[in-house]
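The data blocks that follow each hold one structure.
In what comes next, subunit A is part of two complexes: it sits with subunit B in the first one and with subunit C in the second one.
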Partner chain A sequence: MSEFVERAVSVPAETAAGRRPIGLLLVAIPVFLVIWLVIWPAINAISRTIWRTDADGNSSFDLSSYAFFFSDRYSLDNLAITLWTTLVCAVLLLVICLPIALYLRFSHGRLPAYVQALAILPMFVPSIILAFAFIRVLGPNGMVDILLNAVGLPKIRTPYLTPWGPVIGLVWDNIPLTVLILLSGLGSVANQSIEAARDVGANTLRVFWHIILPRISNSILVALSFSVLGIFSSFTLPYLLGPASPEMLGPFMQRTLRDVQDPIGAMTQAVVAFGFCILFGLFYVRSVAKNRGK
Partner chain B sequence: MSVLHIAEVTKTFSGGTHAVNSFSLDVADGELVCLLGPSGSGKSTLLRMVGGFEQPTSGRITIDGEDVTHLPPERRPTGMVFQSHALWTHMNVFKNLAFGLKLRRMPAAEIREKVEAVLELVGLAGYGDRMTNQLSGGQQQRVALARSLVLEPKILLLDEPFASLDQHLRERLREEVRDIQQRLGITTLFVTHGQDEALSMADRIVVMANGKTEQIGRPDVVYRDPKTPFVAGFIGTMNLVEGEVKNGHFARSDFSFPLSIADGPATLAIRPEALDLTVSETPKAKVHRVTDYGSHGLVDLDLADGTRLKSMVAHPDLFRTGQGVDLEPRAVAAYRNNQQIFRS
Partner chain C sequence: MKRRTFMMSAAGAAAGLALAPRMSFAAKGQIDWYTSSDTNILDFWTNIVKPAFEAANPGLKLNLVDAGDGAGIIAIGERAIAAKQTNADPQADFFESADALLPAGAIKAGVYTNIKAAGLSNYSKVNPLAIESEYSLPYRGSQVLLAYDTTKLKPADAPKTWDALVTWIKANPGQFVYNRPDKGGSGGNFVRRAIHQANGLDPKAFKVDNYTPEFGEEALGKAWKLLADIAPHLYDKGAYSSGNTQSLQLLSQGVVTMIPVWSDQVLQAIEQGVLPAETGLVQLQDLALCGGFTRSVVIENGANREASLKLADFMLSEEMQSAILTELGGFPGVSWDHVSEDLRKKFADIIPKTIPTFPGGKWEAAINDGWYRHVAPNVDRKS
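Let's turn to the complex of A and B:
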């Protein structure tokens, strides 16, 4: 049996003998990079947080860093604010991007082209610049304050350095990708299938709910999981715009590593974040598989 | 009792295209009218205006006396079958058919009953649980038809529903649709650019060109007596010969034919089956090619100036390429300035 398999495998290998090393090389590079940069550090981090070396140099199984994380009020607050920010951003992204994508898909002429350009623009603006623009406009004594002051109105309560600061920045940052993914999903909804629905008596809302939404549910899922994963582990915007306490996991990790000089603590936070991302990933894979099965 | 009335409807698109130009048509109760015309003649645009998917630039559309010109599709008593079936692929066949009934808040038991009856009608009983991508092209079109029929529309609109199917299936579905339409007595507007489809199905044909009516009439009348050279050339095969009339004789090259109309230019229309050939010593045309179809033959001939004519003959073996022949038209029509001025 195995002999047969070997021979069967070796036949194409001989004919493609010249091409084989190149193919292997092409596959090897990304595989190597993934192992080196992702899998190895992950395993390393996990093992170093659960196999701890004590003062005498004996290593032993030890979950104390996790026990600390999940009992420490401050760590838990940070985890909560991270989850809250991610959830609020996901909801806002959907509420903002779906109407934009629908508008772009179903209207004609020149105006939609400009709207699309505008919606995609944030993709080309680096987060740092975005953060400073945010501060100049919405921050204390920013443009909005100056304008309000000019017409004799009181200042706004600025979202800068509140949990809403990162939310606004992250939503803005993620609009382009979300719009593009939703738009490509809407592209697969045929005009005639919508007209057929109107023909049998469905108004705009019903067409959206019964015909369009089921067809793009996968795209919504893809768009949301992309942005959710990015937002959950984001650093720059929460660091520059968010409050000092509680803070999102990104800045929290950075501070634990640099300022507190507690590498094991930072690694534990990273492993927890990694775990949540894997949970999101599993949810995504399961939903897509369920949709496929339908 | 459902009557469709289209009065002076014009549609000008934003680019300035006059897709439909001052078009009028009355469709009687239970009648099947075919809109026939070349690509771009405005058939789909007209149908879409009746269905409510396009707004006429001017004119009025009424159904049973009720003005529907400005109603959206969901509030019109029309049912449309699209060229690409446009079924909802995330629903199975039953749900596709039930969707419109559910929107009308019909009780579930009644919906089931109606859907099963209409599936039976289109010959798909028991297919309710299939997903639409598990059906053949012909079955998908039947589901699309059933989806419209189940709502019992006053006017049924079909836009080239069989265009994507093969010849065989097309002919079968054509007959089925005609049967169903007659059984239900449903007023129907049918768009096609296949003339055989129009000739075999329609109570009346509307021949369209450039957004306008060229001729409206029963299929046999339109075939036998085309009122304009366009219709003559578009319906069936026709020899259209341009020439001059002088002293009661039409002439083109060596071919001449007694024609008692005023002098001037004219277009002579002769059906291939009305053009007799005889082998002659003083030929007016030369045989270019003979095609034997078994039941009959078709002879292509050239006049001396190269004008190509077709003649249908009972015995193609009498003729061969290069032979000189004499022409004897049995029935002709003559046109001048796009008007018929003579018919024999």
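Let's turn to the complex of A and C:
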């Protein structure tokens, strides 16, 4: 990501001005798609949940569906488990991916290439396959239990159908994106500055804390806001691996719409989810803007 | 960097291909067929019905499409209504499983074909008990049973009434699991059996049009108490699998001893070795678990209406009705007199005398919402 930025900044000013119409044209398609597929439905959902038609056909301003959501213990529990899952996943992702990214950045040879391929692998595994593999391995009487049993150890407390099920699945699923973004951030840490710090006697921890971390804090923010957005609205893994209740907002919305046949309720949940995602998105936009401003 | 760039762009290109819109137009002679049933039904159509039908009717082809669930079929039904109004092609000819009353107004709009009046040569063979509407064709049935592991529970000791089942569940904590009622009919009909139990074992008390919030609260509330009472004794102190297949998986991995199952799904699972031959089946004798017939619908304004009616007639033929018994493990939509003698003898124990049913519509939404609110969360599973 930072590479892109550097390249864009280094383009001489006159050529950049000359290419502007083409640039606008290129960006028009994604902007149009975003307006059509995201912004318009979002506005539509917001307006249909606050401006509602009653039984007599009169439409009026009405916040009752939101009042219900925020006073309903069941909905709030679902919101809480969604936030909990997102937070736990974000922390675990950072703890797992930062060491992998550091290792990949500062080591050479064939082994890191294999490690990188392994770290990217989850990107190519569809989450539905991941979910059923998870059940076979970590589920009750699954492979782990069989292996433990073979060496005379007790069975594990399986995370299947508990809140930890989706956490494990989602973390595994999000490792590639997080590693890639952190890795590109680490690209901006110059070897010279680390060597210089080593020369004046800084140990590994100090190098990490004072030299590396300040340079990649931006990437960490970007990586986390990306994965957090995906995790917050995830569906397949929480649906297949999580408990029936509390459920994450993704399965909750789908169920409210199709099985409870309550479109207004589902849209209200969607708007609430959208509100939280905007908050996470702001972090991302802010950090990109800060980066551009440099 | 290069390898990474390549991988990223390859992934992007693959995603782009998958997302590219796929255009399709109804072709003459190709019946666009949709189902909301499980994979075993789609497999049955792909492997048995499609080759037999296409061989018997040269020039006709079946395009089998999975619509996902009941709501998916309703959405396509709504599309057919919209197409009728604009005289467009609905791109749908045949629903394998549908409710003729849904989407509301489909019959009035003239989108569903009146099967009774369509002059099918085999229509007189249909089991009269199964006919619900002139606009749908019951061609197969199945019922929910209890499947159990005979190595852990002797057939003689298998519970045969609801009370015996509850006693057994409480005496064997963690050995029973049912799936979330909206995620598959086996758990759904187990929950409906609890509703029957709580309301005097009278399936006739519930009709598609007698739901009121007050009656619903009262009738369902009693059932939620029954289910919440057994919840701490279920698998993992009150966990619920997320579908019919996931329940079968827990039984096959030896995690639980007993689950509610669809008769067709469990017979097929035993046949294919997914479940061991030591799997026992039992039906409650005080009132059976619910089941029902699957009804097909022909789209009146579909491009292949005549061919679809041919398909409907074909499904009632002895060849297909026998295949439903032998290959699918379901039971036939035609009366048992129209099933061959030896098959009738072989399947005597699953021929149901009555099949209790439970209405859909508003009841369904109330059950789906109520169960999640009152039964699913009630348990402290942290211990």
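Things worth noting here:
Convention: the second predicted complex is superposed on the first by the 252 of 294 C-alpha atoms of A that agree within 3 Å, B and C clash if a C-alpha of one lies under 4 Å from a C-alpha of the other, contacts with A are read in each partner's own complex, and residues count from 1 in each chain.
Note that a contact is a pair of C-beta atoms (placed from the backbone, for glycine too) under 8 Å apart; a residue touches a chain by one contact, two chains touch by 3 or more.
Note that the structure is a prediction, hence the values are computed from the model and not measured.
After superposition onto subunit A, partners subunit B and subunit C are found to sit side by side with no clash.
Looking at the shared chain after the overlay, A:I120 reaches subunit C, while subunit B stays out of its contact range. Legend: residue contacts after superposition of the two complexes on their common chain; A:R215 is shown touching subunit B, with no touch to subunit C.
Touch criterion not met for A:I43: it reaches neither subunit B nor subunit C. Applying the stated contact rule after C-alpha superposition, one finds that A:L148 touches neither subunit B nor subunit C. With both structures placed on the common chain, the touch criterion links A:G139 to subunit C but leaves subunit B unconnected.
Taking subunit A as the reference, the larger set of touched residues comes from C, when subunit B and subunit C are compared. In the superposition on chain A, A:V260 makes contact with subunit C only, while subunit B stays out of contact range.
Contacts of A:P246 after superposition: subunit C is touched, whereas subunit B is not reached. Contact with neither subunit B nor subunit C is seen for A:L279 once the two complexes are overlaid on the shared chain.
Contacts of A:V200 after superposition: subunit B is touched, whereas subunit C is not reached. Annotation: superposed on chain A, subunit B and subunit C show a minimal Cα-Cα gap of 23 Å.
By the touch criterion given at the top, residues 51-53, 72-75, 78-80, 82-84, 86-90, 99-100, 103-104, 144, 147-148, 151 of subunit B touch subunit A in their complex.
Residues 190, 192-193, 195-203, 206, 210-211, 214-215, 294 of subunit A are the ones touching subunit B in the complex. Every residue of subunit C that touches subunit A in the complex is listed here, in rising order: 1, 3-4, 7-8, 11, 69, 71, 180, 182, 236, 239-242, 246, 249-250, 253-255, 364-365, 368-369, 372-373, 376-377, 381.
Subunit A contributes residues 3, 74, 77, 113, 116, 120, 123-124, 135, 139-142, 158, 161-162, 180, 183, 239-240, 243-247, 255, 258-262 to its touches with subunit C in the complex.
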